[in-house]
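Below are two complexes that have chain A in common, paired first with chain B and then with chain C.
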Partner chain A sequence: MFLWPPLPVVLPLFTAAFVAAAGPYLPRKLVDAITLGTAAAVMAVCCLLTLQSSGSAIVYWFGAWVPYGHFPIGVAFVIDPMGAGMAAFVAFLVMAAFTFSWQYFDDVRTLYHSLMLIFLAAMCGMCLTGDIFNMFVWFELMSAAGVALCGYHADETGPLQGAINFSVMNTLGAFLSLSGVAMLYSRTGALNFAGIEVALQRQEHLGVFLPIVFIFVIAGFLVKSAAFPFHFWLDDAHAVAPTPVCILFSGVMVELGLFAAARVYYSVFAIALLPWLPALRTLFLAVGATSAIVGGLMAFGQRHLKRLLAFSTISHMGVMILGFALFTSTGLAGTALYVLGHGLVKGALFVGAGILLNRFQSVDEFALQNVGRQMPKTAIIFILGAVGLAGMPPFATYFGEAAIEHSGTQAGLPWISIVIMLSGFLTAGAVLRVAGRVFFGWGEKPTGESRAPRIDLKREMQGQKSKTPPTMWLPAAVMLIIAIALGWFTPLRQAILRDATWFRNTRGYVAAVLHGSAGGPGQYHVPVPHAMPGMHIGGVWMPDMWREVITLALAALLAAIALFPYAIGRRAGTALRHGAALAMRPLHAIHSGKIGDYVAWFTVGIAALAGYLALRR
Partner chain B sequence: MKLRLTLFGLGICGLVALYGTVIAHMPGPGKMHSPYSRAINKLCVPQRHVTDAVTAVNFDYRGFDTLGEEFILFASVMGTLVLLREAAENKGPLSGDSASEPRNVRPTEAVRVTALALVGPTVVFGVYVVTHGQLTPGGGFQGGVVLATAPLLVYLADDFKTFKRITSHALIEISEAVGGGMYAVIGAIALVLSRPYMTNVLPLAQSGGIASGGIIPLISIATGLEVAAGFVLLLYAFLQKTLAERESS
Partner chain C sequence: MTTYAYVVAAWLFAIGLFGIVTSKNLVHMCLCLTVVQASTYLLLTGVGYRPGGTAPIFVNLPAGAPIVDPVVQALMLTDIVVETTVVALMLALTVQIHKKTGNCDPNATTALQG
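And now, the complex of A and B:
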């Protein structure tokens, strides 16, 4: 009990320092093995913590500084199954990334291993912490390591730009978050989530202080979660980051932004902000829906594979935000399932893109046309990935979507289903289009200005490998298999619903931290909805999977039209292409790549969110 | 461009108004009676035998935060090295290997004498700040930065060659990692004794003495090592790059 909770953070930090010191003097394979082993150990510990905490939350006071009276003076980890499970998932994806990079970089130095381990430690800290400043520290550490990893071995010209955009936007967000923490502290004198919650209950005349501070505190997390209009840095960062790093950026880092916002909301603000709940719901629904649609459209408009996948992440983040924005247990459980499903599917797709990059030194869709005819494994990765993105059963994404849609319909918001369908339609369509062009050679040859420059992406992978080693495609296969297996595994869905219900129980959380879960009202004494929606028929198949079937069929149609626009007639095809280009122009214009524009969007976005809440009472 | 300015103007006006609203709701200057500072001021001497409350918070009550912060510095230094290396490689000839050994103008006698005279006191003062954090304001972070200025003074007094001679690059890299790892290990000693991470396991000694505070001075020294080495690495990388650029232009 005293041993396990700190290990997910401390173990990788220690190994990172060790590898940084001793790495240059050790054989490369040994360093690979040590780092992979550390990630595996962290995953094992996190799984153990998930099980241990499923009876009652684990409250772990560092330095044995238990609350003085009932006032917290130290830093605590408050571990519930949701947090520990998320940390386990983080560790799993880090393992996948390490496996993939086993033979990926030729001249890799141990800095990469150290930074990845620090990244892992920071993400685990975010998942497990019960203290707002501590969360900020891990958030900062995550950004510091993330920026460095992003600029490690740039794939493109202007390699530093992506890292710089990442760094500037996240620093701005972090600045507002830290201001928010200080503002909270000025009224409450507390940094522990539960401590702040209790102190806020005693405060009077808070007025509009609280909603504004809430937005400030989560500003950094919103930037990290790539919610519209704070998402601009994300595709720039993905475009230059090495493939194994992209797996983590898209698979968990972005999702952790939403996780942190949800954690802060449910353990600190939920009760105090109750009068603002309708306004908050409107806000987050708007943000989620906009992200889903803008991300989807932009994804379809890309020919740079990594950018395409990055925009698809923004779109699917929109779906996850919708699940949170319902403020229901079922919605949150849906988001959690969706995080797992999406992280695995997207990780596999990035592996696919990395394999292409490795073989052909390019991630440009047109440059890669018809090169993949002899690559059945990679083709399967892309096609299955598209199916997963469309949310087809039995992928875990389907069950996440189903729960969110169910909760949305119950809340009288059936349009949520349409937004989710649009997101799946556009992103799956984009991936299918790429698959058709690259692996089957379909599609019109580009003409004139759209002719592909044979981009020289020499840096990430020197020495062309004629055969893709199994350490590259294996992680993708495993991730896709798990993404499917999770869908079939009914107890997991049930457990996630239970964990989401606990996650939202503010009073139980506070009691567990300040009074100990034994004796006082235990954290988990809340009624749990007895079943995830629509899991009755044979445990898996649902009557309303027609939505996903339609989504996938339309996505295939969309891909076909994009590949063969002239099949519907020369004139009509031309008109369609020009119309689409014209319609997309404003969207492309705002994704300018200029950091000044991003900052302007950030200030407007934060002012709009906080201002709306301040004016709505 | 115009759109950007309009957007930013709107946004920043709103943000300033909101920021101001919140600040108006905060306690006025001198009116903040934080229960946390009251508790810590009451507790830090009897519980921890530490007379500097800030150090008690940094390295013990909230020492776990500081572990993270130490690694933020660690990751930032590594990140800077990575990005500088990328930038250097992209420009080709500026990779800064020994072939393009930077040469610079010799400083005047006055600068040399002053800088050299300051090296000794700087080292002594740095060590003092690192080791006395538990008694007076200071500690590993502040002292580490002071220590890192000593090689910089040597560079000012002479040139980059001398800077490199007195700072073994491999040794500095190892020291930085050891400083980071040591913090993690000191915290883990308690785990072996079945106590929570970072629990004090050493005798607290008498308040006001240099050995007071149990593991606090040890953590402080680990941090000092990490910070000093980290900053020297940064100086090394930046000097190398700047001088190489000056050389080529």
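And now, the complex of A and C:
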């Protein structure tokens, strides 16, 4: 039992070192098997930890440096079902990525496997840690491994540029987070989440220091979670990263940013920041809604397939931020479900894009027109993916959306439903448009004014494959099936609601860490809301699903209009195209690809967030 | 003394940011990033400073003598290690970009736009 908690981190790190050292002398198949096995083992351990921690949080002090008179002096992993479950999901997606890359890269060297394993270890560390500086270190390790993976094809300009943008933005965010950590330490003398929380309770007259430090500490996580004005690096990085890496970037890495922000908020700041709660809610709702809409619009405006999916991730991250921004258990549970559903659906879509890239050396929508007529499996991946993005039941995304919408309506914020519908409408519309063009050959050829694709990815795969091997489409099929199955699985939804309620229980968390689960009040003695909306599939047939049906229908209509703009009349179609291009111009303009601009946005964004919180109250 | 350190730290952060925003060369940009990083060193050590404190080496130290906080110094060391990795990685990417395009201007390569 006491050996389990560090395993999700230790195991992949050791294997990474082993593979890096011995890999060149081993056959490729063996390296694949070892790394896949390691990811599977991590997932098994994390699942075990999820189950074990569902009674009370597991607190593991490294080197047995237990608290000294209730004051934390060591570094701890604090494992609760939410964190361990997230780590298990991370490991699952890493397995999917490894399976996909089995026959995807021809020239893959073992460094790829090592980097992926380090990436896995860092993400698990983020999920399990109970120490703020420890979290910073995992965050930086995750960024470093991510940057190296993003620029893995180091002989092309696109990946290099994307990796530079990725690393500068994330490192800057991490520096601001570290400054925040230093400021917190100066007032509390603690680095353990629970220790800081207790010390903050004792402090008085912190005034505006507190919200500003909070924004500083989560700055890095906001950059990572691609909240609007910090999201610019994401679409650059995703567009150029190797496809298996994209599955992880979109599926879990970005979500971990939000997870870390939520973890820091609920274990450290929640009680101390109570006077600022209305301001925080307004702030995060605004950030989430803007990300959802900007991401959706930009996704629809792309013809580069991976970049389209990247912007869709930004849009859906906005939805997840909305769920967090409600500061309710139901909202947070909705976000958690949405993370699962979105990660699986988006992973499947990236696999689909990877299959196209593998077969035709292009991810440009127009270059791929009509090439996919003989690819029914890939077509199904894309269409089902669009349905999942629109949040149709029984995809897990539906249940996440339904919970967030339910909580929003209860809080008197019905417009949240409209934002979520817009996000699903735009992103599903974009994917359906691509599917229609690529697999059915619909749509007109572009006229000269269209934006030419600038990113060349043909080197990702050498030699045209005439047939798609099953190791490539199988991960997508499995991910889609699980995304559907999770929705049907009622106990999971109930467990997530319970875990979200516990996750938000600051006092329980502190007691579990500093007093041990035996002494003091247990972590979990809080009432759990009884049911989640959309819980009872058997009795009532999903009462809220009309929203999703409308969303999907409108998305299909949008895709049809985009494919056949002249069906509504030549002049009307032309006017529509020009109008849309004109409206999108400022949005395209701010996504300039220039790192200087992004850093300026970052500075303005942080100043705006901190300034707003400092002035409100 | 400590206030002065904080002011310098804030200044370094701001000037580093300014450098990155206006940078015309990727190597220059990496160095600006290390300037921002230097601000975190100052902030961390400034936080741990105690007036009259000596180095936290507990050999031959009279009991009760004031020492500076060793925890933040450990953090700073970790910070250095972590950031060296990141900057090394970025410089490696810069070398590759220079090999590929022949220049280091971050605004010259517009592979990722719109």
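We adopt the following convention: the second predicted complex is superposed on the first by the 599 of 617 C-alpha atoms of A that agree within 3 Å, B and C clash if a C-alpha of one lies under 4 Å from a C-alpha of the other, contacts with A are read in each partner's own complex, and residues count from 1 in each chain.
Everything below uses one rule, namely that a residue touches a chain if its C-beta (ideal position, glycine included) is under 8 Å from a C-beta of that chain, and two chains touch if they have at least 3 such contacts.
Treat the numbers as computed from the prediction; the structure is a model and nothing was measured.
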In the superposed arrangement, which partner chain does A:21 touch: chain B (first), chain C (second), both, or neither? first
For A:600, is the partner it touches chain B (first), chain C (second), both, or none of the two (neither)? both
So, does A:74 touch the first partner chain B, the second partner chain C, both, or neither? first
Output check: A:147 vs chain B and chain C. Expected answer is one of first, second, both, neither. What do you get? both
Name the contact category of A:236: first (chain B only), second (chain C only), both, or neither. second
Considering only touches as defined above, state whether A:474 meets chain B (first), chain C (second), both or neither. neither
For the overlaid complexes, name the partner, chain B or chain C, with more touching residues on chain A. B
Would you check which partner chain A:591 touches, where first means chain B only, second means chain C only, and both and neither mean what they say? second
One more residue to check, A:168. First (chain B), second (chain C), both or neither? second
Could you look at A:560 and tell me whether it touches chain B, chain C, both or neither (first, second, both, neither)? neither
Once the complexes are superposed, what residues of chain A are shared between the chain B interface and the chain C interface? 133, 137, 140-141, 144, 147-148, 151, 154, 160, 163, 179, 183, 185-186, 191, 594, 596-597, 599-600, 603
In the complex, chain A residues that touch chain C: 133, 137, 140-141, 143-144, 147-148, 151, 154-158, 160-165, 167-168, 171-172, 175, 178-179, 181-183, 185-186, 191, 235-236, 239-240, 301, 451, 454-455, 588-589, 591-597, 599-600, 603
Which residues, counting only chain B, touch chain A once they are in their complex? 4-5, 7-8, 10-15, 17-19, 21-23, 25-27, 32-37, 39-40, 43, 60-65, 67-69, 71-72, 74-76, 78-83, 86-87, 90, 170, 173-174, 176-178, 180-181, 184-185, 187-188, 190-191, 194-200
Which part of chain C faces chain A closely enough to touch in the complex? 9, 13, 17, 20-23, 26, 29, 33, 36-37, 39-40, 43-44, 47, 71-72, 75, 78-79, 82-83, 85-86, 89-90, 93-94, 96-97, 100-101, 106-107, 109-114
State the interface residues of chain A toward chain B in the complex, per the touch definition above. 2-3, 5-6, 9-10, 13-14, 16-18, 20-21, 24, 60-65, 68, 71, 73-75, 111, 114-115, 118, 121-122, 125, 133-134, 137-138, 140-141, 144-145, 147-148, 151-154, 159-160, 163, 179, 183, 185-187, 189-191, 205-209, 212-213, 216, 594, 596-597, 599-608, 610-611, 614
